[in-house]
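What follows is a structure written as structure tokens; I'll ask about it next.
First chain written, first letter: the chains are A, B, C, D, E and F, and each begins at residue 1.
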Amino acid sequence: MIVETLTSPVILFFVLGIFAALIKSDLAIPEAFAKAMSIYLMAAIGLKGGIEVSASGFTPDLATAALAGLALSFLLPFFAFALLTRFGGLGQIDAGAVAAHYGSVSVVTFVTAKEILTGQGLSPAGYMVAVLALMETPAIISGLLLARRGQLNSNTESSGNGLLHEVFANGSVVLLVGSFVIGLIAGKDGFEPVKPLFETGFRGVLCLFLLDMGLVAARRLTQSKKLNARLVALALIIPVTNGALGVTIGTLIGLDVASAAALGILAASASYIAVPAAMRMALPEADPGIYLSMSLGITFPFNIIIGITLFSQLASMIG
Amino acid sequence: MVETVTRKRIEILVDTPLVPRLIKHAREVDISGWSLIHVDAGGGHDGAWQHDDVTEAAAKTIILIIASEAKAAALVDALAPLLDSYGLLLTVGDIQVVRGDRF
Amino acid sequence: MIVETLTSPVILFFVLGIFAALIKSDLAIPEAFAKAMSIYLMAAIGLKGGIEVSASGFTPDLATAALAGLALSFLLPFFAFALLTRFGGLGQIDAGAVAAHYGSVSVVTFVTAKEILTGQGLSPAGYMVAVLALMETPAIISGLLLARRGQLNSNTESSGNGLLHEVFANGSVVLLVGSFVIGLIAGKDGFEPVKPLFETGFRGVLCLFLLDMGLVAARRLTQSKKLNARLVALALIIPVTNGALGVTIGTLIGLDVASAAALGILAASASYIAVPAAMRMALPEADPGIYLSMSLGITFPFNIIIGITLFSQLASMIG
Amino acid sequence: MVETVTRKRIEILVDTPLVPRLIKHAREVDISGWSLIHVDAGGGHDGAWQHDDVTEAAAKTIILIIASEAKAAALVDALAPLLDSYGLLLTVGDIQVVRGDRF
Amino acid sequence: MIVETLTSPVILFFVLGIFAALIKSDLAIPEAFAKAMSIYLMAAIGLKGGIEVSASGFTPDLATAALAGLALSFLLPFFAFALLTRFGGLGQIDAGAVAAHYGSVSVVTFVTAKEILTGQGLSPAGYMVAVLALMETPAIISGLLLARRGQLNSNTESSGNGLLHEVFANGSVVLLVGSFVIGLIAGKDGFEPVKPLFETGFRGVLCLFLLDMGLVAARRLTQSKKLNARLVALALIIPVTNGALGVTIGTLIGLDVASAAALGILAASASYIAVPAAMRMALPEADPGIYLSMSLGITFPFNIIIGITLFSQLASMIG
Amino acid sequence: MVETVTRKRIEILVDTPLVPRLIKHAREVDISGWSLIHVDAGGGHDGAWQHDDVTEAAAKTIILIIASEAKAAALVDALAPLLDSYGLLLTVGDIQVVRGDRF
């Protein structure tokens, strides 16, 4: 199964990106194009999720999965924080910032997982997109609580409304939720005319986007000066533990195998868009070199190449 | 020749997500305008970075501000406590401007 | 009918863009991507128009519609100018600049209208693309005549050749006309191999482009400091009157209902690409804050959300 | 150390559609070259703007020109009548250049 | 046949770009979009080549064509160098730099040729993509040998490893070879899910890319101050001779007509991505105004509009 | 007011493919950081260019470096032999910086 995954063009392009960065090739995907692809992928995944939910209706499963996702996103940072301060040797602020990333999710990891799972006949439920959207932000609140614990009166500039706004008005959250709602409203018939772009081109765009992600992840790793062996280890241990927890909870609350695997992958994945931006604003003292190198440089490639297969097999075993 | 007056040219290199916050500080010391210059890449003590990162948290921008000496000093004072935590690179130079009353 | 329009994904993405800008989300479509989409849309609409005309041939209808379009573009600014100076309180130069925008047309408004009309079984004739191209520029001349009236000897730098060149060599005019001609030459058979890109992806791209337009239009409105109640009112009154006039004339000269509706929408729409660029060069004293806020911030969203439906219903009624 | 001479560093912030016109003025006072610096966004008395506008009429660019003092003065004089209608932001500073005979 | 070529939308968009640049239109394709399209085209052509070879296997034909390509790329610069120094009046360094461009290849010329040939029922073998990749770099070495002849001990900064790395880690080489290998691994079945993007959209993207290439080529020509009549003549003579040689050798080694034509077009084409970047680094004293104006401003349009047809007819005649 | 020190602001306009090589020179004279400013277009003795060229060999970039006077002089000396063959445009100005010990 890992061989199957590793010979899919989507993953091979990711590996090509890593390879190009490692041999210090000057291959580069223009920033605007990468951003355009990420907008396209989010709009497409949101739309498809909304359409599937508009077909299936709001089921109890959806509610349970949503609650589980919210709880995971809110609670996982506490566990990560403990590891990061004790084993990783990070200070309170850096640990809080990193923890927030691991509670939140990576849209591209989810999208890639959905493609690979679907290719294996394991299609996660449409509402998992809603779960994805719900899991983006609670972790930010936990991370801040952890980072600022015992300093409630600190008159930081970002306390209060400013940050809440930053979190919920974050571009990727708005686009994902907005497209989901558009999918809900438009339904299968309304989607028909725009389907060619959003469905037909999807996997090809994912290939090119992962090519860029491979470049970016590997460059971040090689250019970073902030990682040590313990942090590298944690960037592998945390996703594995989070992912296993996610799969288990998904199975316990009665999700089908594919959706439980997806919940595990969401739990295992670490944000590299919404959370870094929020942390840079809310915790400017935290070192972005640490959280970006861990989430983007190590956890992201680990999940794409190994994690997805790992958690889907775990889900099949215990499901 | 047209009459010119001396003003300060301030450049602040800062992480893009923090730009709105610095603009707010500039507004508070009554600075009238600003422009954002596109920076593609850079390197320093903390390693190198490129703007083509997928996460915008890593991109940097230069805020260019033309202001009177007094306002420039007020801005530098206002930003002083943030220099380290925000990792700002702040430079101030002298330039001549026409229509100096606007700044 | 307005409900149908408002639940089409194309319009919903536009509304999402407006919403994101109003809640001050940091959602942003990279400039290069937006420009790429507008190039794609213009090439596609030009090609399709050319191919339809290559099939139908140059008919008398085409000639009548072209003449009507030219006349409208040239004359509408005089009417708008009167309103803008008397009721709107603008000076001669600003009024001339704004008037030029309302005589000219918005390609995206036309494209969206074509999609929505076609979705309702009301397909405008292929030659309306030629009419669109013809209507882009005459208004610029009227606007300048109005702005410079009584100052014929003013030795502005832009008088004469420079401006004519700017108008006819304007990128969007060249691309639209060029693609139309390519469509004419290539015909239906020549188009076949490139059809997948230009036809299949069209509506999806339009969704993403209107998402950006929603963001841009709403941001312009909220960031503008140049509008007052009277100018806002005129930015609604002028398109309604122009549109009604366009539909009526279209019907009188014997166009089918869909094409008459399209002529109305062209008359109602205001330029936000070719004309602003021309005005910035030819009338640098005119305040871009006024003309862009009116055409892009008010008239454009009004036409997309209400105008298209309005004029197509009017055309059905009187047609 | 290599020999350097003092020259003027001129920055002109201007609406992008007007750039060719200003370049023409620069050429007329015999200025030998120019470079355009990408500006992403800005704000001033007239509100804020972003480069990501669909209409290019709203974008702005910085024209960077290195020139001798005499040519710089000639350029400022040539642009003086346009400062208001074009909404130019024009600054002039001193810099040292190598191979100064080129400017 | 040349008429057929000239009425294909792909070529017509190229002509439109040239036309727009000549009338000094402000039409411009955003840089990021142009680069994105070139990445897309290289990934697509690489993938397709790899898949075809994965189906046909490594045949003796492939090996012969590869050897011929390598030899041509390595040897053609010597011939060009002689012409450039004697007839063109260039110095040793400039002549060496230009010669390298003519030994190497232009991916877009090849892609356009493949489309046009395929449209005429003349489909070049899949392995020609491998030949294309192989021909990119040997010419760089010959060009440097020629430029530095008699100065072996010159302690230029770029001697040795730095340059070798630059040549083989060049972005376009990595992407082309990488996609080819991905195509080989994924095979026809693995390609299926990503096919819609990479196959369906291909010709449409090529249209828009050639529109940009037309603009860029014509602007380079009109803005250049480095060309004289002799250099212009050589920018036509060298591709014709190289192309004729390529077709002849292709036919002699037993390639089918289409592949022999493709080999001719590869020989005739001049690099404008990999080689200029390498030359700017390895021979900074060489004037980029000369080599870019010749390869991009003259040879590229000549090959697109005339060369492709010329060499395919030659191949048909002698094949 | 916050304490500032005088440093040099160096701008080097160079063909984009040559940037890594110049950065290497900067590192060799112990310069601590640099930033790359995006240049869209330009013109000079050799004609005009735009960044939207398909071939990157034609694009140019500004390398911005803040450095002490000594390091700036060392850099200028190191680059002197390359000025002509690389076609560099190199300017050096004075600016004030806060936290000057970093440069």
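Going forward, contacts are C-beta pairs under 8 Å (C-beta built on N, C-alpha and C of every residue); 3 or more make two chains touch, one makes a residue touch a chain.
If you're wondering where the values come from, they're calculated on a predicted model, not measured in any experiment.
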item: Subunit A to subunit C, fewest steps along touching chains; value: 1
item: Joint neighbours of subunit E and subunit C, given as chain labels; value: A
item: Longest centre-to-centre distance from subunit B, chain (CA-based); value: E
item: Whole-Å gap between the CA centroids of subunit A and subunit F; value: 38
item: Subunit D-subunit F separation of Cα centroids, rounded to whole Å; value: 19
item: Residues of subunit F touching at least two other chains; value: 37-38, 93-94
item: Contacts with two or more other chains, residues of subunit E listed in rising order; value: 28-33, 35-36, 200-201, 277
item: Each pair of chains that touches, named by its two labels; value: A-B, A-C, A-E, B-D, B-F, C-D, C-E, D-F, E-F
item: Contact set on subunit F toward subunit E in their complex; value: 15, 17-18, 21, 46-58, 82, 85-86
item: Subunit B - residues contacting subunit D, complex; value: 1-2, 4, 7, 9, 23, 32-38, 61, 66, 93-99, 102
item: Subunit D partner contacts - residues on subunit F that touch it in the complex; value: 11, 13, 37-45, 60, 62, 73, 76-77, 80, 83-84, 89-94
item: Subunit E-facing residues of subunit C, complex; value: 30-33, 35-36, 39-40, 43, 47, 165, 169-172, 174-175, 178-179, 182, 185-186, 190-191, 193-198, 200-201, 277
item: Touching residues on subunit A, where the partner in the complex is subunit E; value: 7-10, 12-13, 16, 19-20, 23-33, 36, 115, 119, 200-201, 203-205, 207-208, 211
